[in-house]
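The following blocks contain the structures, represented as structure tokens.
Presented sequentially are two complexes of subunit A, the first with subunit B as partner and the second with subunit C.
Right, the complex of A and B next:
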């Protein structure tokens, strides 16, 4: 079941004497929402995903956190201290970090995720076959996972996360290096999982999130600059021109009142 | 000074050809945007240009020299290439040393000055003494681009240079491209970020399954769009909507 995410007054820094990444960040994401977290470099987008996945709490021993995180029925105070996989799946920004490379084929690499979860071999192979087909990776199933193009590696990393069907899906810049066909495929997969999955994705631009996300959050230097629906976000777009690449959207928006064009929100 | 590919083809061992029968000339002062779906052969094309990969068929002439018989070190003064992942090329322990490496290896008259100018151009001067891995992913990306710029090569070839760049870094990259373009440097850019590059590029190349599907002027955008759609490449929403509000498909 898709969980509700509540972040209550989160403060976080990587070192006790370091600059804070977040100070008093509060956010509530309803179950089954696809939430786009946007903002420039250093906004805290990746750190937020690492905190929710449990990676920050389990691997960054020097970090200091305050506040409360709630994921569905589970409350963590201040943050999760162990990785929450497979309930929470995290796609990292760099596919070469995500892909283990210890298996010789794309299919075996994706199946490796499921081997950790005591799933029968028949079920594993079916799920791998399905996710590879969904992501257009079937023709590459017998290739080495690191011997393909950058965009294809991005899709393999995605398959490795999606195959476990996490109920909270965290995607760090998932559209990076994906061509428009792959972005379209990914949007379709994410839409089809919205009933059962809460999705949080980060991006530095708005194109991928448009038509997919129903909640937008904009962060800048760890502060919440905006949160709201896609319609509210589009109305407030001009105020975010220093934070997001919206030059061409701004121009379109200025001409919209004279036309009847539907924006793909 | 020019780059010419003559019926060039390339296959990775045991795989189907990544590139087939590519004939292409990139004159001095060009800004060529290379587009195509994932696996279309775009990154392989860049690796052929600096001699890291050698064509299996046909030939590639860099300033008249065949890449098959010319050492990579002799091609570097002409073409400087950056990879998609900064980690594939960064090796020095400070930003300054990383950027100075190219001009030093190429025996440029004043490598320190080349390095300082490139860092200023990409807005990285305050990170000179930082370790490259202490930079944000976006600034690491700009670091690899600064290294190519400092080398002084007249041809700069970047693989997905806007990946990981947010708005402030995109502004820096755009400013650098305009300044160096005005100064006569030539660019060959592999990218899916058509919103960023279509307004800047002079010519567009569309690769589909390793072959040239379109090569032409950016003003021929309508024909490009028709072929690109068949190849699974779409223009960004913000461009596709423009004709509906009375604007030309491509911004000036």
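Right, the complex of A and C next:
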């Protein structure tokens, strides 16, 4: 079942004496929502996903965090200190890094995720077959995972995350290396998962999130600038002019659907 | 003869131990034997042509380096009788012996490791180590280290190509190639380290670091204790103990 995500008054810094990445960040994401986190470079989008996945707490021992995070029934105070695999899956920005290279075929690479769980070999293979079919990767199942195109690698990386059936799926700029056809395919996959999975994705521009996200969150320099539905977001964009770097605000403005009236720049 | 991962690992261990304790002529004989075995035994052949090319290049450079090192040792370490004298330069027996010992040791170690990694997919080695119960942190470290080293040449090539596309004559001649390598060294190492951290992060996100040993195996796996493996392990112990026993 898709979990509700609640972040209450989160403050986070990589070092005790360092600049804060977040200050008093509070968010609530209803179950089964696809939430797009937007923001300029350095806004804290990736850090937010890393905190929610537990990798920030696990890898950065010097970090200092305050606040409460709740994922479904589980409350973490201040932040998770170990990866929340398999309940939470994080797709990193670079698919080449996500593919372990430990296995020689796409099927074995995807199955590698399940090998970390106590699942019988028959179940593992069935789940791998299903996920490869869902993502249109069945014809590539015996190819080397690093010997395919960029878009296919992105889908293999996604398959390796989805195969563990996470109830919270985090995607860090998933459309980065994808052409429009692959983006369309990925959107379809994510839409089909919305009933069972809460999805949080980051996007620099708004292109990928449009038509997919039910909820938008805008961050700037670690502060929450906006959270609300897509309709509210389009209305509120005008008032965000002073809260966002002007170049970034112009970029978002230029990406608005054509049916909406744009404010002259 | 089709060698499996356990036999190859035991053989490499045996050769590494021998390289530390054996006299130079035995080390050189073993290097020659390894080079013949690399051609004769299918399990020791390189996985593909680029790997075979890299093996030849590295061994060629190493051989050249070993000869230069031996010569320099012969000149600089003035021990024992003079073997050869020309234009005021003398080669001393003690220095040559030291150089040959170090060079042969280095050659044997390197060829053993190159043959192992050139003929065995990294996945085969890590899977085997995981299966026999080596702690996952060690397996992960081996995986990341080998990946780090193996990705260096392609990374250097990419940087060279990118800079040449901007008109920088990085590979115009050997000297410019050497100087440019110096200038890209620190960004190269830094970017490789960053990628290793990201790769480790990705593995951890897939539950790799907390993984229990697999309950059942899909990879065909038979006992690592074959006669050949045991022979190699016994030989390793013998190579370690014999010099000590013989004083």
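Assume the second predicted complex is superposed on the first by the 236 of 265 C-alpha atoms of A that agree within 3 Å, B and C clash if a C-alpha of one lies under 4 Å from a C-alpha of the other, contacts with A are read in each partner's own complex, and residues count from 1 in each chain.
Keep in mind that, in the parts below, contacts are C-beta pairs under 8 Å (C-beta built on N, C-alpha and C of every residue); 3 or more make two chains touch, one makes a residue touch a chain.
Given the structure is predicted, the values throughout are model-derived calculations rather than measurements.
Asker: Could you tell me if A:150 is touching subunit B, subunit C, both of them or neither one (first, second, both, neither)?
Answerer: Touch partner of A:150: subunit B, not subunit C.
Asker: A:130 in the overlay: touching subunit B, subunit C, both, or neither? Say first, second, both or neither.
Answerer: Neither partner.
Asker: Looking at A:42 after the superposition, I want to know if it touches subunit B, subunit C, both of them or none. Which is it: first, second, both, neither?
Answerer: first
Asker: After lining up the shared chain so the two structures overlap, which partner does A:179 touch, if you call subunit B first and subunit C second: first, second, both or neither?
Answerer: Only subunit B is touched by A:179; subunit C is not.
Asker: Mind working out whether A:94 is in touch with subunit B, subunit C, both or neither, as first, second, both or neither?
Answerer: both
Asker: Please name the chain, subunit B or subunit C, that touches the greater number of residues in subunit A.
Answerer: If we count touched residues of subunit A for both partners, the winner is B.
Asker: Just checking: does A:8 make contact with subunit B only, subunit C only, both, or neither of them? Give me first, second, both or neither.
Answerer: A:8 sits against neither subunit B nor subunit C.
Asker: Could you say whether A:102 touches subunit B, subunit C, both of them, or neither, answering first, second, both or neither?
Answerer: second
Asker: First (subunit B), second (subunit C), both or neither: which does A:204 touch?
Answerer: In the superposition, A:204 touches subunit B alone.
Asker: Would you check which partner chain A:66 touches, where first means subunit B only, second means subunit C only, and both and neither mean what they say?
Answerer: Neither partner.
Asker: Which residues of subunit A are in contact with subunit B in one complex and with subunit C in the other?
Answerer: 94
Asker: Which residues of subunit B touch subunit A once you look at their complex with the stated criterion?
Answerer: Answer in residue numbers: 12, 36-39, 42-43, 84-85, 87, 136-139, 159-160, 163-170, 192, 195-196, 232-234, 236-239, 241-242, 244-247, 251.
Asker: List the residues on subunit A that touch subunit C in their complex, please.
Answerer: Interface residues on the subunit A side: 53, 55, 58-59, 82-83, 85-86, 89-90, 92, 94, 97-98, 100-104, 108, 111-113, 115-118, 120-121, 124-125, 160-161, 164.
Asker: Considering only the defined contacts, which subunit A positions touch subunit B in the complex?
Answerer: 39-43, 93-94, 96, 147-152, 154-155, 173, 176-182, 184, 204-205, 207, 210-211, 242-245, 248-249, 251-252, 255-256, 258-259, 261, 263-264
Asker: Hey, which residues of subunit C end up touching subunit A in the complex?
Answerer: For subunit C paired with subunit A, touching residues are 121-123, 126-127, 143, 147, 195, 197-212, 214-218.
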